[in-house]
Structure formats: structure tokens, C-alpha cells
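Data first, discussion second: the structure below is written as C-alpha cells.
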Amino acid sequence: MNYSAYSIKGLRDGFKKRQFSSEWVVKDCLSDIKDNKLNAFITVCEKEALEKAKEADKKIKDGVDLPLLGIPISIKDIYLTKGIRTTAASKVLDNYIPQYSATVVEKLEDAGAIIIGKTNCDAWAHGSSGENSDYGSTENPYLEGYVPGGSSSGSAVSVADNMCFASMGTDTGGSIRLPASFCNVVGLKPTYGRVSRYGIIAMASSLDSIGHFTRYVEESALILSITAGRDMNDATTTNEKVDDYESYLRKDIKGVKIGLPKEYFTEGLDRKIKEGIEKEVKSLEKRGAKIEIISLPNTKHANACYYIIQPAEVSSNLGRYDGIRYGNGRDLFGEEAKRRIMLGTYVLSSGYYDAYYKKAMQARTLIKKDFDDAFKEVDVIITPVSPTLPWKLGEKTSDPLAMYLSDIYTVTANLAGIPGLSVPIGLIDDLPVGMQILGPHFSEGRLFQVGQAVEDSGL
Amino acid sequence: MKINVKHVAKLANLPLSDEEEKKFEKQLSEILTYIEQLNSVDTKNVEITSQITGLENISRDDKTSPSLPQDEALFNTKSIHNGMFKVKKVL
Amino acid sequence: MKPVIGLEVHVELKTKSKMFCGCSADYFGQKPNTHTCPVCLGLPGALPIPNKTAVEWCVILGMALNCNIPLFSKFDRKNYFYPDLSKGYQISQYDEPFCLAGNIKLNTGKTIGITRVHMEEDTGKLIHGNVDGEEVTLIDFNRSGVPLIEIVTEPDFDNAKDVVDYLKKLQQIVRYLEISNADMEKGDMRLEPNISLRIPGQTDLPNYKVEVKNINSFRFVEKAIDFEIKRQTEILEKKATPLQETRGWNEAKQKTVSQRVKEEASDYRYFPDPDIPPIRWSRDQLAELKKQIPELPIAKKGRFISEFQISEYDSEILTRAIESADYFEEAVRIGKDHNVSPKSLANYIINKKINLENTLPAELIKAIISTSSYATIDNDKISKVVGEVLAQSPQATNDYKAGKTQALQFLIGKTMSILKQKIDTRIIIEEINKQLK
């Protein structure tokens, strides 16, 4: 039997009614992973997952009720999982077995989730296509030979191709939203500081957001209600109350003010994507949303700003990988990691700091201010996720700058620290397209409300 | 913008092949040219943003918590001697 | 030629836990790599949380050193590679340290400027050796992440003696604040003088500077500086410029030896640590911290002189350590009820080198009372003097023998005046009786 038609809620109902067991579902997922050729996983936790499934079934029988009890999920191989190899998709960590688990991993396990495997990604989360993995590229499930988007490539694919029911990813400049868009799934980048970064291999610490992939908006809300909250091990998590996210799903869209920033709909944007978004926006308007054209004037500088701050932090964060206490030597860093380490080292070095890094931190203030101003006028902002449709494997690998430009619509949310939700709006030329909904800090509930409306549009 | 790849690689403790050095010199110059568009932004009297949360004064009380046992601390390396990590002699 | 000397001192704090994690900071003498966790071992994904006590102690030390405490401060990353540095960067403070612009006044009256006092974390410990015929370095990360305060002076010293005086005063203040044992041998306090010389007529700073490391006692710092002054003088006299380098003090050879010539200025690529939110003090918080500062050595020394009328010399010795100062004050308090003056207490404590740990102040007072009225004197001397007195005073001797008690008083008085000491009269009477038997 195949369980992919079930939502997480459907699975839980089935468990409770003894229609099927967690073990059956896990076995089904494991066999799907085995048959799958898209290279979504680096490590499959077959033995552990089956054991956990049996335990879960016992608990279900005993009447234990946990939000994710017995639900198989996958985790980007950049989250530390105690006792389970964690590579960051880099040969530098080919043999690394973590001594501890990330806070989020513990929270998910406490909620009953079963980790079915560690997903492939661009090494160290560096990339927009999933091709920078030392364990081979992941492929788009919709069209052979196309990229799934990165860096959380395997996570998006594992959910899109029904190998599990949710997946954890990381988003430093779009690494959840872009692959979600390219793989026709829901991807959330929460507010910076909403979800703990502890135990997740740092890419760029001031930008890294810990989010997830699901097939439905309501499941995205469910997962966030588990992962969100202050962590005493992460000084950048906040005390801000965790919202009742699921309560927003049933809220009417009427009267919600939606801003369309003109800078995101300029000539660089694929015409068909633009039309797709306009159709969705019209539908929202029909249902009572108020649409406004707004301006985020510093958008054009965001990518340059991002490609200074991000590599600078990368160069420092990757300093600990010296092969002494764990892992292999620095010679095993792949090309993209080396490139970013070099770029970051350079922009921080003596004589250049003010011209690059300081300037970028000032530009960041301006970009953040753009959003602060905009959110005085509107509740949410809708933009494209990517300027283009998914591209062919290998198409941009020799041109790093072209690859970097695919992040132009997503890096702004990371620079401003605001949440962003990528929701599917259908296929164009057989390839999936997503739309991005941005909101002020800690407005995830509002994003789910609008996201649910998009999901319900029936377009 | 000419970047001294050898010097930067040394600062970054990154062993690069001659080929990589050449490749990076070209690519990094292109990327730097691109990011230098920031020069056109007027940032006079603009504060820096190094963190986005606005949080301040986050600290912990001076209390101890358990450490890793020695065998766990050393678990991921093979180069061990008398409970210590072992490397080639450094100055 | 005039020496220009500046000083960097690192003081390791005696907090219970480390700077950014909950591992015990009490690592000395422990089995290697038993005091580590994901944070101080630099495991992937680990994040630092600052130790509140360590941060407060840094500010308190800055206040005790007369520094300005800026209301805003932050942690920065200092990036470099070395096997004892687990993260590839050290969390330190760059352009916005906790404390700025303080000073310490020396015995000579000269004031040494303190540029800054900042907070950082210690590194692991390296042990070099030979294992199975191979030259290796072994690493123990127990010390990694222990809180460290760095105190940097202006280049205000021009001789080694002043440096030693400064260091003693700094050590004394740190111990008064009870924030570190400041034990040089255990590495709680580490010094790095940088030394250069101005040639006659030069007013700006020399264009080179020699840093000396591996100094683990006040004696060595004096010797190392004197050696460097001599060495550099010889080079400059030959019209050459000493190399800008790091040298180490070699006690066996009684000289500094070159450790590392700096090929290029170090480039630490400092930037604000994105993992640690900045620190902003309210004026109330700073006032609270200021209240925690105990009376410091200079103030205490002055108060002892004026309040207890003891000499400057005695006060200096008594206030050297907070323990002896507290002991003295407690003894003065008890002594008051027994008519023991602070002055005699000071004399007694200093001259008799009383073991303060084994003798309670009350016991000390008792001991002073029992001996101060009847000073001890050896019996031979008494018997000799009594013999002389009896021989010189036949009349009184005979009167006493005949039962006239006034005669005894005469003999006692005479004995005492020769002994020039206050002695228990019972001892003298006993001796007289013994000799007349």
C-alpha cells in the first residue's frame, strides 16, 4: 500500500483508528527511497527508523498523543544528529559522527517524529542548485535533467517525491524557498531568531534561518509550532511568544493588505512566472485582499550586500574544520566552499574591511528599513521566488556569478531577518513555480493565512 | 580589482593548487567587480547592522553543566595520544 | 637611549564555568580533554552563551583600574589558525571593549596609562614532545574557553623595576577583587612586555617593537626586560634597527631568544560575532557593579595609617594581601578590649611572621597579652644579674634574710633596672630565694 496520499493529519487519524501502523508507513517510505533515483539522501537511517516506528506504534497503542508521533521526516545533512553520520555534503566531514543533536532535532523527536534519513544538499549549504554536493547532484522530480534548487535540494525532493512527510532545511539566502519553488512544495523560512540554530552547521550565522518543507501550508504551521521558541543554547533566539499558527489557517483573507514591490517585477523576471503570480494575486484580490504597488528601493543592492556578508561569515565559520578534532583536512573543501572562504577572507582582511564588510552592514540597515517602512503600509508582500524556472543540471556550474544571481529575490528576507513562505502556484512548461509571501518579524501566522488562501485558490 | 590569491589563501589556511589559484583570481575579480556596485549606495551616517534581532544582554549564570566524557571528546579523531589530540609538531 | 615599554597582561578568571559554556573552568591538573563540550571543543553547530559573572568581573576590574566603562560593548571574532584554537577564531573584543582609558599609580608616583581592559576566552594547551620517534604536538582542550581578561597599557614604562611594581599592584588588585588567583606559576597571570628604544632626540615611538613571551615570574620579567634593553642598545649603537619579532625568555640561558619573526603584520579579520547579542549597560547596572568593589589596596593602606597610627611601611606590608589586611583589622577589633594597641599588633604580626592561617586573631591577642607584660628572657641571664645584685647589695640582702620585705622590693628594682625589661616579678623572687637558700 502507498501512503503518499495521506497528509500528516490523515496519517495520525489512520494510526489512531488502527487502519495502518507507523511501521508500515516507514517501510513504505524506505522502499520509496530505495527505488528513487534522484539522489535525495546521503544517509538513510533504516534500522533506527524501523526501531523508532515500532516504539511509536507501541505508544499509539498506549494512547500517547504527540503531534508527530510515528511520522517519518527527513533532515538536511547539515543538522547534527547524535550517533548518525552528518556530512554537510562535504568530504571534509565524510566520517563525522556527532556527539550531540541539534535542538530542533531533539524537539522533533520529542514530538514523536521519526528521522528516516539525512538529505543531500549543496556542501555546507553553498549553492542554489543542489549541484555542489560532494555526494552527487540531486535531480528535479518534475523534469529529468533539471536542478531541484538548492541548497536544501534533497529535503525538497524527499517531500516532493513522497519519500517522507516533512523535511527540515536551512535558508541563508533562499536555500529553502528556492528548492520549494522548484519542487512544488511549501517551504518556510521563519523569522531569524524564531527557531534555534544550535547544533546546525553554521553557514552565515547572522543570516541562517531554520525552516522546513511540507506538502501543505497547514503542515508547515504544524512543524513550526514544534520547532519555534527560545533556546538557552542559542543567544539569538528570542522570548517572543510562539503563536498559535494553526489558528490562522481558517482566517478570512478579506481586508488583508498585500504589497507588490515594483523592484521585484522588472525585466529580469521570466514573463510566464510574472503572469502566474499576477493570476494568483488577482484571485486573492477577488476574495477581498487589498493589493498595493509598493517600493523597496534598496532591493537592487541586496545581492551585492549578501555576497559580502555571507562569505565573510562563511570564512570564519569554516575555520573550525581543520581535521584535528574531527573530520578531514581543509584540502577536501570543494570548489564553492573554497571560493566563498577566499572571498570572505578577502573582504574582512586588513585594508578592505571598511570598503566591503562595513559598507555591506550599512547597506543591510537600509534594506531592513525598506521593509520596516513597507510593513507600515501593508500586511504582507508578495514576490517571485526565483527570476527563472528551474534550469538544466550543469547549466550554471562554471559561472558562479550567474548562480549567485538566482538568489536576488530571496536574500532580502535573510538580510532583513523577516519570514518568507514559498507556496506552489502550479507548473509552467512542466516545471514547478512558487510564489513568495513575506511579512514583518514574527508574522509567520499571517504568512500561513495568506499561503492557505493561495493553496485554496484552485488555480 | 586585483586580488592577491596566494596571500588570501594563506590567511584562510586553504591549500590551493596552481590551477585553482588562477581560476579563483579570475572569478573572484568578477565577483568583486559585481559587489562593488555597493559603492554607489549612500551610507553616510548609516548605522551598521551586524545582527537583526535587536536582542541585547543575553547571558547565562555562572553555573557548571556536565562535560563530554574524554572518549566522546576524542571519538571523531584517530590521532590520539594519552587522552590528547595529536598533530605534527607545531612551532 | 630611552626604553619604551608597554605591557599586555592576561588574567584568567576563577569563575565556576567557562566563558561561553557550562564546562567547569577548574581545569588545572585534571585529566586531559575531560572538561570539554561541543562549544569549547569547537564542534560543528555549537554556539556560545556569555558567562554573566565573567562579564561583570571584567567591568569591575576596569572600574578598579579607573577605566571608563562605555555603555555599549560587543564581542568580536578574532580569526586565525592554530591547533590550540578550536573554532578557528577566538571570541574577543576589538573596537568596543568593556573598559577604556584607566591607570595605575606606581610607588614612584608615576602613573601608567591603561589603554583598555577586555574580555576574551583562553585557548587549549599544547604539549610538544616525541611519540614513537615522531616529533608531535599534543592538544588538551580543558583550558579552551576559560574566561580571560586582557589588560593593555600605554607604552609608558621606561625601566623594568616600574614594570614589576605595576604588575605587583595589578596582581594585588585582582586578588582584592577575588576574581582570579593570579598565580603566575599556574598560568593564571601571563605577561607580554613589548620593548623598544628611542634613540637620542627621538620623540615619536620607535618603528619596531619586540614582544617577549614565556615569562612566568616577576623576577624573569625584570631580567628579560633588562636583557632586551641591553641587546637592543647594542644593535642601535651600530646604527641598525632591531627586528620586529616575538622573543621568548630562556631562563637556563639567561637571555631572550627569537621565536618568530613577523613576516607581515598579523591580519585577524575581526568582525562582530553574530552569535552573541551586544551588551548595553544602564547607569544603574554600572552603579550596582561599582558597589561590589571592595576597598582597594591604596585606600586601605592610607586608612590603616590614619585610623590605626601605624607606619607606612607596616601598612604597606599588612595591606599587600586582603587576607593579612582583614586579619589585622579583626585583631585590632579584639585587641581594643584588651588594651593591645594596633601598633603593637602590627609589630607583632610583621616581626614574628605569624602564620595567619594557623592562628586565629583571638589567639594572637592572647599570646600578645601573656608575653607583652612579662617579656620572655632566658633564665641564665636572670640568675647572673640576680647574683650580681645580691653581691653588690650586702645590706639589703641581709635585711631580706632577716625578714624585711622592703629590702626585697629594693633587690627586685635593682635587678629590673639592670635587665632594662619588664619581667614577671615572681620569676625574680624565685631566683633570689633560690640563690639565698
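Per-chain residue numbering starts at 1, and chain names A, B and C are given in the order in which the chains are listed.
Methods note: a residue touches a chain if its C-beta (ideal position, glycine included) is under 8 Å from a C-beta of that chain, and two chains touch if they have at least 3 such contacts.
Because the structure is predicted, anything quoted here is derived from the model rather than measured.
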{"item": "Most central chain, judged by mean C-alpha position against the global CA mean", "value": "B"}
{"item": "Selected pair, greater C-beta contact count between B-C and A-C", "value": "B-C"}
{"item": "Whole-Å separation of chain centres (CA-atom averages), chain A against chain B", "value": "23"}
{"item": "CA centroid of chain A to CA centroid of chain C, Å", "value": "55"}
{"item": "Whole-Å gap separating chain B and chain C, where each centre is the average of the chain's CA atoms", "value": "38"}
{"item": "Per-residue multi-chain contacts in chain B, two or more chains", "value": "11, 13, 50-51, 53, 55, 58-60, 68, 73, 85, 87"}
{"item": "Shared interface positions of chain A, touching two or more other chains", "value": "96, 99, 206, 232, 235-236, 315, 319, 322, 324-326, 345, 349"}
{"item": "Overlap residues in chain C, where contacts from two or more other chains coincide", "value": "38, 41, 49-50, 81, 83, 88, 139, 141, 267, 269, 271, 274, 276-277"}
{"item": "Complex interface listing, chain A residues touching chain C", "value": "79-80, 86, 88, 93, 96, 98-100, 102, 197-202, 204-206, 232-236, 312-313, 315-316, 318-322, 324-326, 345, 348-350, 353, 357"}
{"item": "Partner chain A, residues of chain C touching it in the complex", "value": "38, 41-50, 77, 79, 81, 83, 86-89, 139, 141, 265, 267, 269-271, 274-277"}
{"item": "Residues on chain C engaged by chain B in the complex (per definition of touch)", "value": "15-17, 21-24, 31-38, 41, 49-55, 74, 81-83, 88, 126-128, 131, 134-141, 259-260, 267, 269, 271-272, 274, 276-280"}
{"item": "Complex contacts: residues of chain B adjacent to chain C", "value": "11, 13, 50-51, 53, 55-70, 73-74, 81-91"}
{"item": "Residue ranges of chain B in contact with chain A within the complex", "value": "3, 5, 8-9, 11-16, 20, 24, 27-28, 30-32, 34-39, 41, 43, 46-53, 55, 58-60, 68, 72-73, 75-77, 79, 85, 87"}
